[in-house]
Structures are given as structure tokens and as C-alpha cells.
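Structures given as C-alpha cells follow.
Both of the next two complexes hold chain A, though its partner changes from chain B to chain C.
So, the complex of A and B:
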């Protein structure tokens, strides 16, 4: 059972660090609350949906910004989507970069947009890694027979 | 504006011109016409000026430049005009002077001529006399002495002759005889002329005798004054000779050129007449005349003295200078009189005719003084110039003023725009800030919510509770400030939707029920039967007013009651006279209250209603509600009455410390009431209580106004009510007002209600009544009054043998007191219903006690989460969002509350899903979506619903095909991340029913959802 307790502690610590470092916010908690017996994989489902969605969006954004004449409305729509989905899962840092990104879009600042795209990619990969790690720990924990602490 | 000053300018012009014309008419006479013409031109021009100004007024700069040119032209024009006037007047004066001079000169010339002619005639007469008496008689009747005396004595006849002399014609052959006869020799005259001598040393003897000539003309007679010429041969004098020769050939008086007279040395002329031997006919030749000549009579004219004498006779001789010239030789005029002043001034020349055609004389007249300054002309023209300049200045000042005013106006417009922009910015700022505060506050509150769910000890729980309460207070405060800002900027618009007034009041009551129970204040609502079930208006705002008023009452009331009554205005007017009984005891809790009728004394509706009562009654579509909130609180001090409705004003600073609040609520309420075309008023007696009353106008929500009464009983929305249909309830209460409230609530459940005032009356009523009494509701006050009676009553009731004994209920004010009481009466424990009475709660309690199956869901007084579960359980809800993640999260959240969720990822899909008939109970719509955003989708859906409803109404579609629903309207709630006002307003505009913020917040979700489900 030591392993379970250790894993539990690891999970709690890791989650705490995620919150403290600002990767996630309260929305992620709410998301977790929505998960219950009837819907045991809710969070994982949502987050993987988020990953899929985000990768598509990032690709499209990169494509859109490579064009000679950039359609800022399109870019803005993509960023808005990205912002919406990131706020829905509580990926706070991604969301914040998205806000800055939208401002640059409004100003039609190509350099700023490109910079933000890099940033958003970075933040996204970071949060993706973190979340994947989180899910891995959870999986291990469940495999070890423990329950996820709330 | 323009006309205002153009008219005075024109009239001024007119005035000046007419004035000028007046002054001129005398002088100018015939130039009037010209003036008129000129004036016409001016007025024409000024008309053009106006025309041009109106044309150019659009472009200010052009107009300004134009005005400047016009001004310069005006000044220059008037300067020219005044100069012209000056010249003209001067000319007139000179002309007049000339005329005067001419007339004076002519007058003098004529007189001089007359005088001369008189003398000349006399001399001619003398020549006749000589021919008659000297040559006609032999011996001669005249000698020198006779002639001298005669001439001397007739000198007055010839005022300007200095002397007369007669020379006889002597041929050379007769000379010796003549000289002998006379005793002297004929002397020559020319030497004398060459060497003029003075009178004193004049010696006739010294003169030389005349040389031998063909003929001689020695003077034989002479007047004494010129006696020195006797014996002189006039033919030897140069002038005289010529004269004599001309005289005898012409037979007329002949004049010499002026010359210095012998001896006197004065200027003079000599007039010579020839004396003939016989009377000659007028057509004789000059030769015959010469032949017939006997002698020559000469008169010496002293022109100088002559003119002088003449001038002295005339008045105003000082004003002019007179010169007389002999101008026979034009190139060398000989001055006969006057000083030779070379003056190039004004001069008039009159010709003088002295009867000698060869000699020509002229009189030249001049004014002695120089012409005076033409003061009249100067003053007139200067005056005109000054007036014109003044007018120009006025003109200039006016134009400047107009320009300045225009500038100011533009500046004001600019400032106004800026102020408006600032106002917009202020509201924007308030909206943004409040939103920005609300968002983190939601986080705080949510966190606190979650914290409450964790395991906490009592102290921690208390802290969290306090924190949550404060947070909620802060959010409500922000909402209030936002409301105030919205009202101030006039952006608050009322909704118009159907709502159930009674349900709303039950809702509000439930909000305050906890507090009232805590305080032991009785809370009650009474709505008149006359008030329709469904009204059309803004339920949210109506609820806000009621909540504000009740909140205030709750704050300031420690004991007694708070009583909300809703009536129709018409009803109240009708009952004003009926309700005259003293209300001091007849109140809900027995405490005295302020007379609520006094609170609407100032209402305009009432004074108006008084006269047009039947009219307003007939228009039954508009419902005039009058709502009173009566409390038995501390009341409002008299001095604070005036500022009750002023924002942020409270009775005193201590009030806000003890009771909290911003003091903004009443002000907002007043504005809201105003928006509902009602009025608000109050009456307050310190230590007794306050009553706030307001009126509001709604539209009747029932399609048929006559239906509403039956609806009230049969068509309850609450399914539980049908269970009590036909039952009878007995209310035991000695206070009529409170009994009325109880009856109102029980009647709403559909039961029949009777009221008795005493427990003792109950049994007789039950046993004697024809109908079966199903329940007895006893007021706690009566129950507690005497426990003995209560116990007896219970026993009696228990032993009641007629069928099923009625259930006994106790209407208790607060939970605490009723519990203790329940413990004492253990025998037949009456069920306790805690006040305030609410239909739903009452129904639930009764159902529980009566064993009626509880079908309905208790809606009020529960935790929102639980309520949400109840609300949403089994509901079919459509969520529309283009963002899959959001969609999933929202669906998860709603599913958690038990809803049946269907997802759509675009507006188009939503439209196809929501095409009636469908099973959805509600739809949550994201606002911002690509292709078709939430607003547009909603508009489409509403449009679709509307047409289908129309078709159904017109029978073109059967109701059966649309699930028996004739009025399709699916509640659509906007989901939006930013709750700014514009979004909210737009969402309402396009037909949405409300909005929820993303991510969902339980309280807000409940509030919004509860309005529709």
C-alpha cells in the first residue's frame, strides 16, 4: 500500500505544482468534479479532445500565418477557438497567451502574431506534457489499486 | 439670427438715407429722383448681399472673406458719397453767390447807365437850346454869362457831368472876323494835353494860338467849372477832335475814351453833340450833316465821382468791389473806375451802354470778402460719413460676433461630443470593471462553495460563511451600481414577457423567509383576486423593486410584520371609502402601522383616475397595479423624508454602519417604477413603521380578460393544487387581515376556505356544517394563548365522530417557537407550517400531511445545486458551440444535473434540430461561432417558430402535428465569456431569453434556468 500512498502523494504534489505554476486553474477542478461513476473518463476524454483540437488549430494557425497576405479574421477566429477550449479545460497559461495573440491580431501585427504562435505552441506543449504526466500517474495509481484523491 | 440684424441695418440705412434726403430736398430740389434711384440700387444690393450670405453661410471662411470685402466697399462707398455731397453743396453755394453778384452788378450797371442817359438827354436838350437861341437869333440871345449861369443852375439835372461847354464851328476864312468879334485868338489844345498843368498855375494867356487849319472849333461858352477851356480849339485836342468829327457825322452823342481831364486831372469822358443849322431828317448822309454843322456841345463826365456817388446811394456797397472799364480796344481795356486789384476770385461782368455804339464799356464786380467756409456741406458730409462708419462698425461687430458665436457653437458641439463620449466611456468602464470584478468574484465564490463542501470545523465554516456572504454582498452591490449607471445613461430597457406575479412574489418571499424567521418578523403577501394570473412586463425588474423595498423593511424591522399587498388601482380607489375603519389594530401582527393610504396621496394616477375612472376600467388590457410594502420598523425620521429617493443617501452615517447597504436601492426602484410608468411614494412614522407604495402598469397576459378568474382556480400551473380541489379548510384566526392572507394562499390551492375567529367556534362549525371540513389551520397565536383550551380542542377533535377527522395544522411564525410548543401538546400533535406562507410550500406541507402523493418538486427554499438537479432532471437540452472542448465541458456540467444533453457544433445544426416539433426544453447557444453566430441562429429559430405559430393559429397546420403546442418558443440562453452590457442587450434583441456565463456558475445557471423550466 506504500506504493499507492506514494503515488497518491506524488499525484497531489504534481497537481498542486500545476496549479501553483499557473498551468491550470479552477476550471480544471470543476472539470474533475464533473467526472463521476457514470462518466469515469470524462477528464481524459475532454483533455484528449482538447489536444486533438489544439493540434489542428495550431497547424491551421501556422498555415494561415505563412500566407503572403494574412487573413487576420481567420487567424482571430482560430485563436478565439483555441482560447475557448483552453479556458474550458482550465489551461490558464495557454489562454493568457491567446488573449495577447488576439490583441496582436486586432493590431494586425504580423511579428507579434508569429511570436505569440511560438509562445502558444510552447505553452501548449508544456501543458500537454504536464497533463499527460498527470494522467500517467493517475493511471498508475488506479492500476496499483488506489483511488484518485479529490 | 441673420434676419434679426439685417433688418435693423436696413432700417437704419433707410433712416439715414431718408434723413439725408430730408436735408437735401431744400438744396437739391430736382435731384430727388436721382437719390431715389440710388436708394433703390442700394436696397437691391443689400438684398443681393443677404442672398449671397445665405448661399455662402455653409462655408464660413468664404463668408468671412466676403464680409470683409463688403465692409471695405461699404466704407469706401460712403466716403465717396459724402465727398460728393460736400462738393455738390459747395457748388450750390458758389452758384448762389455768383447769382447774387450778377444781380447786384447788373443793378449797378443799369443805374449807372440810367444816370448817364439822363445827363446825356439834358445835354442834347441844351444843344437844341443853343441852336435855337444862339444860332437862330441874331444877335445871339446867349452870351458867356447867360450860358454859365444857366448851366450852373441846371447842374442838378446832370448830376454826373462836371461841366458843359459849347464850341462853335469856325472856318479858316472866318477866323479873323471871329477872333475880332470875340476879342481873343483861337488857342491850340494839344500842347496843354502834352504838358498838363495844375489848376493853380493855369494861365490861358500863356497858351499858344492855334496854327492855321481848315476849320476851327473854339469853345465860346463854358460852365464856370470849366471856364478855362474858353477859346481853346477842341479840334486841336487829339481825343476831342476825333470826337467832334464823329459827332457831327453821326448826329448822335459820342463819347471819348477816358482821359485825364485838363486842369482837374481826373479821369473823365467827354460827350459831344453836334449842333446843326437846320433840322435834319433822319436819312441825311454824313456829308450833309458836316455841312449843316454849326457847333459842338460837349459835356465832361467825371466817371470816378459818378460811380462813387452812385455806389453810395446803394445798400451793401461794402460787399462788392466795382471796376468800370472802357473796352473799345479789347486788348487794352482802360480802367475808368476802381482800384485795380488782381483777384482771380468770383467776378461778374455787365456791359454798359452809354448810347455810343463805337465805345464799349464794361462793369466788373467782385466780392470784397472771400467766400465763407461751407459749414453746412462740411457738417452734412462728415455726419453722413460718421453714421456710415458707425453702421459699418456695427456690421463688423455683428459679423465678428456671429463668427464668434459660430465658433463657440462648434466648440460646444465638440465638447458635447466629448462629454457624450466620456459618458459612454464611463458606462463602458463601469460595465467592464464590474464584469472584471464579477469574474474573479465568481471564482472566489465558487472556491468558497467548494470549501464549504470540504470537511471543516465550526470556526472554519463560520469564516467561510462570512466570506461567502460578503462576496455575495459585493457582487450584488456591483450589480446595483451597474444598474444605476445603466439607468442614468438611459440604456435600461424593460423587457416585455409573460410572467406570473404570484410566483414572483412567492419567490421573493422565499428569499426573505429565512431572515424573517430568524428575526421573528411575520412576513406575508396578499394579492387581490382581481389581479390577473399572467401579466406582461419585466418580471426581473419588478422583482428587483419588491426585493429592494422588502429588503429595506427587513433591515429596519425588528418586531411585528412586513406585509406586501398587491391590488388593482381601480380596486383601491373603490375601497378608499370603505376602509375607513381605524387600521391601528387591524393589522397583520397587531402592531400599529403607518396608514398606507397616505403613501399614495401624491400620486398623479389617483387624481387623474378620479375623473377618468370608467375609461381606464374599460381598457382592460392595461393593468394598473398598486403594490404596498408595509412594515412595523423604526420608520424614517421626518428630516430625511426628502432625500429618501436620492442615490447614495441614507438617513445618517450611523445607519449604513448598523444596517449596511449603499442607499442606492430606493433610487433604482424609483427609476424602475418610472420606467413602468408608475409612481412611488411612502409614508413613515418614526417608531411605528413605514409603508412604501408604488404603482406600475402592465399588460394583461391572459388572452381573454374574462378568463383570468377561472384560470386562477382551475388552470394552476402548480400540479399539486389539483389535489385540493373541492376540499374545505377552516382557518382559525382572530385577525381579519392575517386570515385574509391565509385564505388567499389556501384558495390558490383550489380549496374552499372558511374563517372563524376562535377555537371555540370550530367544533360547532364542523358539526353544523353541511360540507366536510378537511383541514383546520390554527394561528399559533391563538393556539398558544391558552394551552388548556388547545388541549381540550385537540381532544374534542380526536373524538370527533363524523367521518374522518380533519387534519390540524398550526401556522407558526418561526421554527424555534413552534418546536417547543409542539413538544408540550404531545397528545395530538398538530402539523406545523412555518410562515411566511407560500403556495408551493403550503401545498407540500399539506400534501405530506394529507397523504397526497407528492408529485411536484419543492422549488423554493432549497439549495441551488439540488434545485438545479430537480430543475434539469430529465430535461432535454441542446447545447450549441463550435468548440468541441467547450461543448464537452458544458455537456458534462449539465449532465451532472441530470439533464439529457444533445450537442450541436454549429448554428445551422441548431436550427435544424430546433425546427418544431422537437422535444427540447431549452437551448444553450454560444454567441461567437464561425459561419453563423448565436445571435443569427437565434433570430432564424425565432423566425421559424413565429411562422409556424402563425400557421397553427390560422389553421393552416394542425396543432396535433406539433405535439399539441400552439405556441412554440424554446428558451434560448446565450453562453458567453464576457458579460458586458452590449452582449446582453443584443442577445435580448435577437430573441434570446437570457444568458449564462461560461464556464457555468451554479447560482446563475439556476437563476436563469428557473425562469423557464
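So, the complex of A and C:
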């Protein structure tokens, strides 16, 4: 029982920190509320889709910004998608960078765009790391016989 | 690719909506959700199945029209077309936008009666007005929440069945 209580506390504390540090926002809570016994892996599934999608978008963005003549509309289209998906799962810091990124696209500011690409890559890898840790703790908790506190 | 899913697993889940499936009517409403984002399609599908709807998703306007029997070269009254009670479409999509899809639906004698809800991550008043003027039932901001979908679900019941609508006390 001690093990479970400890893991539960670890989970709650870790989740709280993610919200406090702005990695996640209310939308992530919405995702968790949609998870139930009939679909206990829903959050992991959606987040996995987000990871796949993000990696694709980051590749596209890198390619688009490497071109001799940059097509800013194309870059903007990718950033718009990234902004959308990060918003849908509650990845707040990623979303914020995307907003700045779009502004640079509108201004056709190459340097700004390149800076944002680096930033969004960083924020993405940070939140990915955090979420993977979160899922790991959840798995440990369930394996120890506990349940995820709602 | 369009995917079809029925909500058999969640029909009796503990939903916080005060309307049980018995009082909501005999059949679940069938919703066609159109969005180019894989993440958003998964989300909307879950939101809808959790609200006791049958869901079909499409990744673009062209596929959505085909599902409705309005694709190029299709006969208007295609018997293979499933009955759809509501269409939810994203506004920003490559190729055909949600607005263009809305227009095509409202121009079709067989489909124009189907309510269309347009969703967007951007709150642009001219965009909203444009969609509403074209006949959109509603314009909603993304990301959609369960309360938004519950509200739509409720409106659907009232729309199709004024008496049963009174039993819906959703948020």
C-alpha cells in the first residue's frame, strides 16, 4: 500500500509541476476526462499521435527553411498545424512559440523563423520528455495495483 | 482515409450528462467530422462517442462529399450513403476549406437540411459571419470541449424531435 501511495503522490506532484511550469494547460485535463474504462489508453494514444505529427512537421519546417527561396506561406501552414495540434493536447509552451513563429512568417523574417524553429524544437522535446515521464509513472502506479487519481 | 466507428463501447458509460440513452431517442445521431489533423480527428471522435453519437471522420472536404454522395461523378441519391444528422467541419483545411465544404452542402438539394457546424482555432469575426451567412448552424472555437459537444447533441435532439428535446437537461 505504501508503494502505491508513494507513486500516487509522485504522479500528482509531477503533474502539478507540469501545469505550474506551463508545459501543460487545461486542455490536457480535458483529455484525461475523456479517458475511461472503455478506452483506458486514450491519452497515451492521442499524445502518441501528437508526437508522430510533430516530428513530421518539424522535418517539413526544417526542409522549408533550408530552401534558397523560402516559401513563407508553406512554413506558416506547417506552423499553423503545429499550433493546432499542440493546442489540442494542451502543450501550452509549444503553442506559444508557434504563435510567435507565425508572426515572423507574416513578416517574412528569416532570422526570426529560424530562431523560432530552434525554440519550438526545444519546447517540443521538453514536453515530450515530460509526458513520457508522466506515462511511465502512471504505468508503474497501475503495475503496483494502484489507480490513476482523477 | 475516412474511418467509421460506432460507439458501442461507451453507450452505457458513466456520463455526466443527465440524459440517459433511453430518453434520448431510438437511434444515436450520426455525425460526420471533417478535419485534416489526425490529432483533432481522434479528439472529436472521442468527444462524440462519449456524447453517444455515431461518428464517421473524413480528412478532407473531398472525402466528406464522397461520403455524403456528393462527390464528382456520384449520383445524387446514392443508396450506400449513410444518413448523417450533423456535420462538424474544421475551417482551415488544405484544398477545400470548411467554408467551401459548407457551401457545397448547402447547395445540394439532398443535403442542405443537414446542420453544419464550423470549427476553427481562430476567432475571426469576418470568418464567423461568412460561415453563418452561408447557413452554418454554429461556429465554434477549437479545441472543442465535452460541454460544447453535449450542447450540440442536445440541439440535435430538439431539432429532430421537439418533444424529446425537453428531456435533455444537458449543460
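Basically, the second predicted complex is superposed on the first by the 150 of 150 C-alpha atoms of A that agree within 3 Å, B and C clash if a C-alpha of one lies under 4 Å from a C-alpha of the other, contacts with A are read in each partner's own complex, and residues count from 1 in each chain.
Just so it is clear, contacts are C-beta pairs under 8 Å (C-beta built on N, C-alpha and C of every residue); 3 or more make two chains touch, one makes a residue touch a chain.
None of these values were measured; they are calculated from a predicted model.
Asks: Between chain B (first) and chain C (second), which, if any, makes contact with A:37: first, second, both or neither?
Replies: Once the two structures are laid over each other on A, A:37 reaches chain C alone.
Asks: Please indicate which partner A:59 is in contact with in the superposed arrangement: first for chain B, second for chain C, both, or neither.
Replies: In the superposition, A:59 touches no partner, neither chain B nor chain C.
Asks: Given the touch rule stated above, what does A:6 touch, chain B (first), chain C (second), both, or neither?
Replies: Neither partner.
Asks: Tell me which partner A:85 touches in the superposition: chain B (first), chain C (second), both or neither.
Replies: both
Asks: Of the two partner chains, chain B (first) and chain C (second), which one does A:46 touch, if any: first, second, both, or neither?
Replies: A:46 sits against chain B and chain C alike.
Asks: Let me test your reading of the model: by the given contact rule, A:133 touches which partner, first (chain B), second (chain C), both or neither?
Replies: After superposing on A, A:133 lies clear of both chain B and chain C.
Asks: Figure out whether A:118 sits in contact with chain B (first) or chain C (second), or with both, or with neither.
Replies: neither
Asks: Of the residues on chain A, which ones does chain B touch that chain C also touches?
Replies: Common interface on chain A, chain B vs chain C: 27, 30-31, 33-34, 36, 39, 42, 45-46, 49-50, 53, 77, 80-81, 84-85, 87-89.
Asks: Considering only the defined contacts, which chain B positions touch chain A in the complex?
Replies: Going through chain B, the ones touching chain A are 443, 446-447, 450, 881-886, 888-890, 892-893, 895-896, 928, 930, 977, 998-999.
Asks: Considering the complex alone, what residue numbers of chain C touch chain A?
Replies: Answer in residue numbers: 9-10, 13-14, 36-40, 42-43, 46-47, 50, 92, 94, 121, 142-143, 145-146.
Asks: Mind pulling up the chain A residues that touch chain C in the complex?
Replies: Interface residues on chain A, with respect to chain C: 27, 30-31, 33-34, 36-39, 42, 45-46, 49-50, 52-53, 77, 80-81, 83-85, 87-89.
Asks: Applying the document's contact rule, which stretches of chain A touch chain B when the two form their complex?
Replies: 26-27, 29-31, 33-36, 39, 42, 45-46, 49-50, 53, 77, 80-81, 84-89
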